[in-house]
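Here the structure comes first, spelled out in structure tokens, and everything after it is commentary.
Labels run A, B and C following the written order; every chain starts at residue 1.
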């Protein structure tokens, strides 16, 4: 009798039609870039080119801001909130209608498993637009410092959750009456361009959303543009610093969602099987390309051995491979550059004396892949305990007392997320109140909701996205 | 019958306030403070970058304790500060009068004390006004609450030596931050007097640290200090842009200089919010 | 054979790691999204059929009904001899003799509920004689119920001792211990009851009688699979798991197999270690099996109702 094994279960690509080449989306139209430079976006799972997009130059960025300013002054800021909200509701509905297509497109361009784009990214994208749609005509009740839009928002988003980060940026900006110039990440522009089509489909007035594709130079031009009244950036702490420096002395408002090195604290009384799940979700969700990943496991020494044994057994079950296979848990690393960074840091981990472990896990021959990896024997001094790896690599440290756990958790310039696992309510609250992090997941990890504010302490950035708090960044 | 010689007044030495103590500047320097008309009022300590360092260390040390107190207790302590200020009305008035005249000085002192009381009352309201439960779509308890940012560097306004001073310091510490404040360079004496009031209240050592000296000398080490979490550039003047650039290195929260109207008796949260973080805590709801 | 247990069962059972409901539901829901298609589905369906404890536990059961069901257990799809037999037929004790005659020589197991099923509200003596009678009449497997009242009252010793006593009365018959998780309500209780039964010598732990709602659920079964997995790791002894009640479709059955595979492991993917207590499920499995063979959807008229 044949043993029951999963057969390949690939989601069909047929639902998506990718054009060979994309223009910029400015003033409600796809327009040819003035810049000649083009970028090829590849499928990280097989390195095959998916499409070519424009790398917007200064003149293109100029055009986008002119359109956004015009739309702000002539249409959008004057539109009653209730009407703005209806556009956002329309967008949310269209996203739901096209969710399958967008999920496949996101998996192709990003490398993340279809299971996640289908069950996490897309539902959250639609929910985010629904949530902020309802705020558009209630801004006076939000408890924010101001209730007036700022003008044109310059938004630069990363490649780890391309469409979700777009939603986090665009939905509150539009709900509050701002217009947008958005630059998606160089390696994941396709769902943003699909979103441009959705804006057209929704009948959104031209210029309210403008999407300029490109790499670092385009991003710099977008955030440096004098017409940008507000800058919202999600990405690396290093680029965040440069932007913060660049806006010094101006009136521009700035919010930054940057890196993290989240601690996931497991006390000895934790619900151990759920803690193991939480650790796995914390670091291997989205291949660890998550700024709020629980990349440092802090486990109480008395249960460390048992927990690690269970963790290794669990990790051995993770299915790595074709992102479009519905049973894939771990997809491809987004780019060759990111893969090189992960390799460099894991090599540093080995050479600094930590012990790496990965399950027996054959990697596909083509594409960018990295196996789930756990480092034990890690100390606070190791690079893998201090630097953000942004990959499926977990560093394990131990602690003896709650004080030590909190001290180690906070011993980082970052402060985005943290986790705490205990069945004792008072210990959970004690720990949560001492963690210097913007999001504390207790007895869970990596759950998100449009109503829940998200953002960091310290060098993880400032400002909040999501919830009532997320309106603050777009009102003056 | 011999005349009784007139009593010679005992003058004050104007010192820094760091970690609950009153040191002279580590540098041993001082600078003369004069009134608008040029009368010598005293010598203020001329703090150095090392005094900045010491003050930041004191503020950091005080942060866990101060932020960990109940909001009610912080409010009580800040109210106690106002009581101490009330007892020094005349001294404040005399110092403020050097710039604005006696009648106005008394009004300003009253406003300053009232302003302190205003912010004392905010301490245990912030959590409710700025935080709350978030209705997430799932079986989770999800709550956001404001938390203090940490150590805040404050450049007090140059022109409003007491009311402006109080208006920038009180909102920073009421939420649980600790502060390193650089006083008005030209008129530092009310800041020193305020420090003496703070020292005789129940405010824990290091929660508020007051430096006097040259803003141009002290602001840069404060803005560049990696253990400072936020900056209030109200008194930065032309230095503001450079300081904001320095602050970017460690991504400090920055309150840019604005057009402040210190006379508004209800400034709201405009000076409290910039120095708050939002922490969101999730927990499952289940059996 | 029961383990030696520390003096306070309460201290022991309450010292087991807790179970977070939301976390366990999230994990079960995640595994429920596994896609099982084509050849995987084919092998899963056949495995599921081989794991079925085909059950009739009605007051209206008659020898005729039991004989008919026995025939179906042996040859579920008269039109397709390649369809495997089920694991066992599950009946009330008084029907065991009838069933034994009908199943003789077929290799299909004969399970009998016992111990005052389903409430279990009888004396220990009655429970033991109920068990002995079923075994004597030919039952190869006994599905007992635990005393949920005693469990909820904290009298863990009583529950433990009863399982030990019933196990002794079983002789060579395998003992399945029904926890009736729908009455235990919390996942912490499910975990504690599982360990109590494991330590007392159960050969199988079973979710439900089918007479209480909710009966089997994915998260409850997940917690029980964790228990047998951890118990084998700790003692070396492997114990089986049987969800029963409410499993009606092929999709449901496959979701249980996915749980078995990813929680307990491939070692449990065998009728010796995992059973599905069900009745209507079998026809849906057969219908899906036919669909895979012929490429066409079938209809209920093409399968025997018993």
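In this text, a residue touches a chain if its C-beta (ideal position, glycine included) is under 8 Å from a C-beta of that chain, and two chains touch if they have at least 3 such contacts.
Not measured: the values here are computed from a predicted model.
K.L.:
Please identify the chain with the largest separation between its CA centroid and the CA centroid of chain A.
P.N.:
It is C.
K.L.:
Suppose every chain is reduced to the average of its Cα atoms; which one is closest to the average of all protein Cα atoms?
P.N.:
If we average C-alpha coordinates per chain, A lands closest to the whole-structure average.
K.L.:
When A-B is set beside B-C, which has more C-beta pairs in contact?
P.N.:
Of A-B and B-C, it is A-B that has more C-beta pairs in contact.
K.L.:
Starting from the mean Cα coordinates of chain A and chain C, work out the distance between those two points in Å.
P.N.:
Averaging C-alpha atoms per chain gives centres 44 Å apart.
K.L.:
In angstrom, rounded to a whole number, how far apart do the mean CA points of chain A and chain B lie?
P.N.:
Those two chain centres are 38 Å apart.
K.L.:
Between chain B and chain C, tell me the centre distance in angstrom, where each centre is the average of that chain's C-alpha atoms.
P.N.:
Between these chains, centre-to-centre, one finds 70 Å.
K.L.:
Can you list the chain A residues in contact with two or more other chains?
P.N.:
Residues 443-444 of chain A each touch two or more of the other chains.
K.L.:
In chain C, what residues contact two or more other chains?
P.N.:
20, 22-23
K.L.:
Mind pulling the residue numbers of chain B that touch at least two other chains?
P.N.:
Residues 140, 284 of chain B each touch two or more of the other chains.
K.L.:
Can you list the residues on chain B that touch chain A in the complex?
P.N.:
129-130, 132, 134-138, 140, 142, 144, 149-150, 229, 240-242, 244-245, 247-251, 253, 256, 268-270, 273, 277-284
K.L.:
Hey, which residues of chain B end up touching chain C in the complex?
P.N.:
Against chain C, the touching part of chain B is residues 139-140, 284-287.
K.L.:
Mind listing the chain A positions that touch chain B in their complex?
P.N.:
127, 143, 145, 237, 240-242, 244-245, 247-249, 251, 256, 258, 413, 428, 432, 435-444, 447, 449, 451-455, 457-459, 461-462, 464, 467-469
K.L.:
Report the residues of chain C in contact with chain A in the complex, numbered from low to high.
P.N.:
Those residues of chain C that touch chain A are 17-20, 22-24, 26-27, 33-44, 46-47, 50, 226, 257, 261-262, 266, 269.
K.L.:
For the complex, which residues does chain A have touching chain C?
P.N.:
Residue list for chain A touching chain C: 1-7, 9, 115, 119, 269-274, 277-278, 317, 326-327, 423, 443-444.
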